[in-house]
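Each of the next two complexes has chain A plus one other chain: chain B in the first, chain C in the second.
Coming up: the complex of A and B.
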């Protein structure tokens, strides 16, 4: 039998499918590639094509106290938001899915409402509330603001898991003698975990990149990275911005990879 | 009968330890109560670095206070959102146009005199003119920045920006959000019409500048000039002079019709609980040594007449009576009253 006969016939549909996917990937990655090019370009302004390669903007970013303080503050706040969002969002989703609550649809819309309201208004409303209460602009106030806009992500992903949840597994555990608490921790939680933690990853990224809510709530000398970058850009639009953006992207990617390694987010792609 | 209280060494030690602990814990609170906090707004960039690195620590040391400097925009909306009786800032630092908005809403003081800020006695009249609310501590001059490597003659008039050779190579601002753009619009009224308030002439001249590259911030204009994306653009002198000695092919031109003043204005909020400290801060910022430090650090023209600048800065900055006479101060009260209509009109012109 000749080799030509064994050759897979040309599949036009598959070729188009691959081409469209390649285009989509290029569309998503092109801005990141451009940012990296700018970050490595030695000119004191953002220009294309690049004229060389330098690490000076990364050096400026990592040696700048304002940048570093902002980076660590953003990471710390995002970590707090991740934990709070998982706790609040996970519990809310369970209550909404299982609680037989009156006006469930209304309650679901209510919990999702921070996503519908422009985030800048959420920030402004919180800012005024804190000031009227005489609280000033505490860091925990910023964490609450971020959590408000992050919780809907956890609720949505957890509800999606709960929607496909086979309750007979819980009933079987109960029949075999497990109490409600044991059923929750040994049956329910492991099964909804991918949804909860996937929402948590969204919450982390939403908080880490959060600008409109932070704009009004950050303290003097306690600004988050997006706010510092915005203010920096008004006076110095150089490669340090691109370097900071590259670091932010890598940070967010690292968190996703670490969480994937720790809790296996691959299950989430089935949702 | 006399009752004897038994002496117990352990209880005495415990009491003493408790008192010591309370004193230790309480001490910072007492110190905090004595240390007053001044809440101000200030710019970022090189200015912010100098303020945080040198100027504010020296002020804190001298006045035994803490300064909380907010560098995160937007300042005016934050002040508007805070209670008037307990404002979020004691001193508001903005450009002149925003101070006018603030005074209309009763958020800043209408006038500051030498009685509250003694160094006002030494400043140029423009810095406390009737076009200023508060005190202008520095000014930049809004003129034309241009590339020196594009074969362009140094512009002598604002009309140079309309040269057809510069189509698509000239730079301006998104007028609703940038005070340089707003000032430039008024200047077009003066150059092409009857004066700064001749909006019809200004709109017509603005339409003639198309195609024009527009930006939000002056920092973006600087970089567009450096990158060669524009060959000529509206910019303040410090945005060009800051690259002095860096071998960049850019220069600043003072048009014959005059330059517009971009004032750095400080003002005190009426509800401030530390008003004396707020005035002391403004006075401090007007001191000749502080003025010289910042003027030479960021290329801003000082308001205090007594400042002696080094020759390099003396040659370019507006620091003599003759030089400051070239500064044109727009009527921001007049402009702000018409801002919504102007924004709508100019957006239509630049979009079409």
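Coming up: the complex of A and C.
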């Protein structure tokens, strides 16, 4: 019977399923395609349909000192946020999952709260706090702001891995002679690493793309790429914006791919 | 391989907000013995094993291994091997790395580790699978890796928590033979937790039957089966008939193979066969007596005789000395 069903040439349910998926993917990717088209279109304003192909907007972006400084600053900040949020988020998730803490549900909600709050409020709150404390707007303040918004992503992905973690594996290591510290480095850490790094990828992208928090916390001469792009757009709306967006997308994509290659996010996701 | 005796001295364990998991348990397990902790789920057998391993600390009582009190010794210093029901292999490590783990923790020289891992893998017939990850192995192979990983450190005691529970019947029986043979060859003290009474009877030198945190009876498989002390043990192990006794008198029980099927009119009970469970070498009959009670009788088949048909009228015969008097 099942053989007969397998031979059926057309499966309506499956066709609909594939069509819906294709539509979703198209919906997600279409804006990116549009950006690329604008970035390559030579007219000095954004228009459709394109009239040709040019690299001038990429030239403008890569030769603009403002753009380049902002790009490097954004990358540098995102790298710091990646490291900080992995350390803080990973440790918090372990404590939340394993620590036998009183009021665990409340603590989890508290750690996740930056996700619920509009980022612009977080930015405003930090701005006022720094002002009250007389700190001004240091770069590390910006990094802290980004980290605050990025940490929940790491906590969430790490908690997901810890939720499915078979603790007998740690017990097996202990009974074989591994003390608590060795159990952590030999077993726990390698097994939660995919979750931590998956969260780290989110953290990097959240920071690299961060606008609302940055808006309040950047120094006048130390603006991150999204802020520079926003300011540029207020006066010029040409292909340089589209070129910058294309570069941003490629940056984010390559970070994901490099991490996947280095750490193998998929290698042992099945625990 | 040296082996050690284990002694539990009035050990109790209670988990927060729950009933007592292990209640005043005392046990002596001899060096080199194959010892089963048998009972239904929640009877405290696994908690007892986990206290011997050191994962749980007893609320009261002491645990001795090889004459030394290890109650306060940390898990990783107890020098024990353990096989888990889920195997708990390291999924991110190869077969070789899994087996080498305990030796690496003992900081042995690399050549010795390599040599001993190779020998351990040969012992469980896993040679050739060294580079695989656990996910690439069958259940039976994972089981053997778990066994090799526990045995390669030459533990004084091997603890097994339902190690065969996840295997299918055929493989399970094969592993029963292999595990027993391996244990005999190595002479290691083996403590084995199971809820499967057949498995416990088949493999163990001695069995402790547990119920609700207490030990009901300790004895050889033949003693446990033939001379159950309590109603619980009699009922849990194999099939049994509880005989009617006068009020106030001790309960009595009778194994079905001690009941002989005779022509109607003979024996103590007259009745009709209600159901016949053909078991291959024997058939287990459920007989409804004319007085309404149910009795089990087992008949071994000589030659190719077919089992009797349900509905057939029979008489049931047994002798009083075959009935066991129970304490409670």
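Operating definition for what follows: the second predicted complex is superposed on the first by the 258 of 271 C-alpha atoms of A that agree within 3 Å, B and C clash if a C-alpha of one lies under 4 Å from a C-alpha of the other, contacts with A are read in each partner's own complex, and residues count from 1 in each chain.
Keep this in mind: a contact is a pair of C-beta atoms (placed from the backbone, for glycine too) under 8 Å apart; a residue touches a chain by one contact, two chains touch by 3 or more.
Being a predicted model, the structure only gives us computed values, none of them experimental.
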Based on the shared chain A superposition, would you classify chain B and chain C as clashing or fitting together? fit
Classify the contacts of A:127 with the two partner chains as first (chain B alone), second (chain C alone), both, or neither. first
Quick one: classify A:84 as touching chain B (first), chain C (second), both or neither. neither
After the superposition on A, what does A:171 contact: first (chain B), second (chain C), both or neither? second
Just checking: does A:182 make contact with chain B only, chain C only, both, or neither of them? Give me first, second, both or neither. second
Roughly what angle, nearest 10 degrees, sits at the C-alpha centre of chain A between those of chain B and chain C? 160
Dominant contact partner of chain A by residue count, chain C or chain B: B
A:119 contacts which: chain B (first), chain C (second), both, neither? neither
In the overlaid three-chain picture, which partner chain does A:255 touch, first (chain B) or second (chain C), both, or neither? neither
In the superposition described above, what is the shortest C-alpha distance between chain B and chain C in Å? Please give a whole number. 48
Find the residues of chain A that appear in the contact set with chain B and again in the contact set with chain C. none
Within their complex, chain C touches chain A through residues 53-55, 74-82, 84, 86, 88-92, 101-102, 105-106, 135, 149-150, 153, 159
Can you list the chain A residues touching chain B in their complex? 43-47, 124, 127-128, 131-132, 134, 215-216, 218, 220-221, 223, 227, 230-238
Can you list the chain B residues touching chain A in their complex? 39, 43-48, 68-74, 77-78, 81-83, 86, 88, 217-220, 222-224, 226-227, 246
If we count contacts the way the header does, which residues on chain A are in touch with chain C in the complex? 166, 168-169, 171-179, 182, 186-187, 190-191, 267-268, 270-271
